[in-house]
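Each chain gets a letter, A, B, C and D, in the order it is written, and its residues are counted from 1.
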């Protein structure tokens, strides 16, 4: 019998690119809150999501992933990846939500797990300054005064650059936040006449558990988004830039809430 | 209105990772026919596909891709990719088919187009010797005596190495062949209790048109498949190695035939 | 005894990143002639090279490399690389020469061989449209009307984009050309007080033999160079763009002519 | 005037791949002490270095780099790199030294700085498990019980895999250690008849200052080295495996001690 949570499937199921959940994550995150053009934000929200305001947040994360047995950690080429996530604000049935129009990762395993959750993942290159537990000019510190940068590129073009100088502790995480993220699971059809009718187009709400957040520091930030001939990320070019944040967090994913089938809409 | 054949979707639809079909391809292909363990081949065929024989073929292809407007060709980082495909033999309702248990590409755009067609694509690194239209020790020739190699790696481990010495023209393409490929479109669910019930699991037959094949040369070949802690490609380790082939081909894809919904099976 | 033409050295000498010459090359080249700011060109010529005129040429090349035994061709990850070369015009003792202020390759083996010849190589990502021997929308042709593009990126930023539409055969190669290239072999010192006095700084003239050039086609071209916070390639931003060229060529390198020791100058 | 500590040189000197020293570094290091075949170790020591014993150490390091102005940290694609270093034991004029026969980095800037110091650097892919300041199955801890892995690959082949389980604090760093490293600066000649007579071949002793070492933890370890058709790292295949270590450290480099000119030897 052939097994596997995702392709490729084999008799053992061991070859699946996305292993069977639960999926455990730990990440170091640099985030920048910003305000974009309200019309652009509204135009990126798929109905029935509605425009709320123009607040957005860019997250740059250095992740480590494991399944229950944790062996992935010991062969980190299959466990680590870097991600750039852009969240915009929205509203669903009167409730505030976060929606992700653009996201990039640098590993296929993460891309596949993301598609299953409705993240619109592509492959991109993310770099994030690291903190080290030693002093020196090459060592940023997770402390007031610490300076951090991040960048995103795809198809050999720079898409985003961010800088953060930490100033003080924060009790709050940046917003819009993952905790309220709503995605669209989308799987197109290819048969003639069905190119406009995807096989799956459903609104889902992310679910995570066992969330742990480390010390949150916030401070000043800058964020630049650059034009690209195909990728329209620069639609969200910042009109205002808010605070920058740095924190570590861990979470587990093995569930998803289906909100609506959008095919009939 | 938000548009796009695939994620990410925007008002223009221009950002979609997989653009709206038709998809045009041209490729240089090095292929090696081989025989694997019959039980292994049978175990990789999803029902209702049935075992036919142990014949397999490895294809290593250097592709170029374009949509109708052809502009991708002029920014080749978004057009070119390399692919390693392993096809095994099977039978569907009494008819010979080819099934792909393992396939790797090195670009996300190709990965996404592949998933839509049911190819179980992952990201991997493929290298293939090139022919040049000049003589010299660094230049292989697409002619009798020409020597070519190919390799595949994923997650920093070598998975396959192939070598071909061309001997003579061939009127036939290698088998099992793309022309008879049958795939499974698979899109998993993540909601609790549905991890074993994918949202989509359907048997499809590939359709292509405007196929052009260049001069086919065949000759002697070797093929080695290597163990990997997660990827079970070495299940197909060659018991016998047949002919090697080299040829160019072009084709267009904008259709797919759905054969069966496998969820109820 | 420890052997090896370059590091790393072992008793067999087999591990050397740059193997013992001769080095055989075959390449497909897309080139664009352009004129840059005369002052910029002059400022990039190390004395005793003198300014001649503002003519420059950008070359984008898809290479294959082999030593005498040719086995590299069969494991192409160790044989193939892509290169972007910028040549400017100059004069040495009254004679026209070409000088390379900037060059990028995507493999360490090529980088090491280049440093030995005085090429100022860095790692960068080059993409070049390919011609295929089959028709179709994804297949450019090495023939009048054929359209080709190329790009260069380094450290996740686009540095150059080129486009060429072939129009007609040409008997001449683009200029300034490799055949007249003069480089500076440079190896810095690190001991305190010697940071301004390199161990090696010598003017050399490239030597190659067994040169073969395939059919040369030329046509219309465009070339854009982009700003980068560290790499000053955009000093050479085109004021005028001349012809574009496409051709294959092969050559062998196992010699170099030393012109002058520049340390005492 | 043309300036620059290394290629490429421009009027500002800003484009140099290796900037003018001092060079500041901070790194997280996973190390495994092991014993190799005594004859192999001896055969990799260039005279006048002499065999001492068969003790070796593999270091896997995730680095961040900066010059005095520290701006590199804010565009980390030009600051971060990963490195795998293999040190063997030796003796020079009766004194214990460490010698590096093999080393891989994943950025050209680090490769160039390394060549200047005599490190025999090549491009390779290193992955190292990270510690996170949050609990969870995806988060290793820099504490007793913490489990870490590392891998090295070059040219699409796995070269090394290491695993460490931390057990207890250690006051000592692993040996052989960087602090006693002696390298060979090597720059080959290419003119006919000089292929066996490098332009530079000198024995040097590394100098670093402002060294800071964080909390050192040690524990159990495993290390596997794999065969490669060109790279002879597996000459050092472990006969015995000692302790594994994890620690952070920072240092500054702007000097080097020349011990001997080896060309006349």
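Here is the rule we go by: contacts are C-beta pairs under 8 Å (C-beta built on N, C-alpha and C of every residue); 3 or more make two chains touch, one makes a residue touch a chain.
Remember, it's a predicted structure, so these values are computed and weren't measured experimentally.
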Check A-C against A-D and say which one is joined by more contacting C-beta pairs.
A-D
Can you report the angle of the rotation that maps subunit A onto subunit B, using C-alpha atoms only, to the nearest 5 degrees?
180
Note: subunit B sits from subunit A at a C-alpha centroid distance in Å of 30
Roughly how far is subunit A from subunit C, going centre to centre by Cα mean, in whole Å?
39
What is the distance, in whole Å, between the centres of subunit A and subunit D, each centre taken as the mean of its C-alpha atoms?
34
What parts of subunit C, by residue number, touch at least two of the other chains?
75, 77, 125, 127, 151, 153, 156
Using the touch definition up top, name the residues of subunit A that touch subunit C in the complex.
125, 127, 151, 153, 156-158
Residues of subunit C defined as touching subunit B within the complex
24-28, 62-66, 68, 70, 73-77, 79-80, 125, 127-130, 132-140, 147-151, 153, 161, 163, 210, 212-215, 248-252
Where on subunit B is subunit A touching in the complex?
2, 5-12, 14-15, 17-18, 20-21, 43-47, 75, 77-78, 101-103, 107-108, 111, 115-117, 120-123, 155-156, 184-192, 195, 199-200, 229-232, 235, 253-258
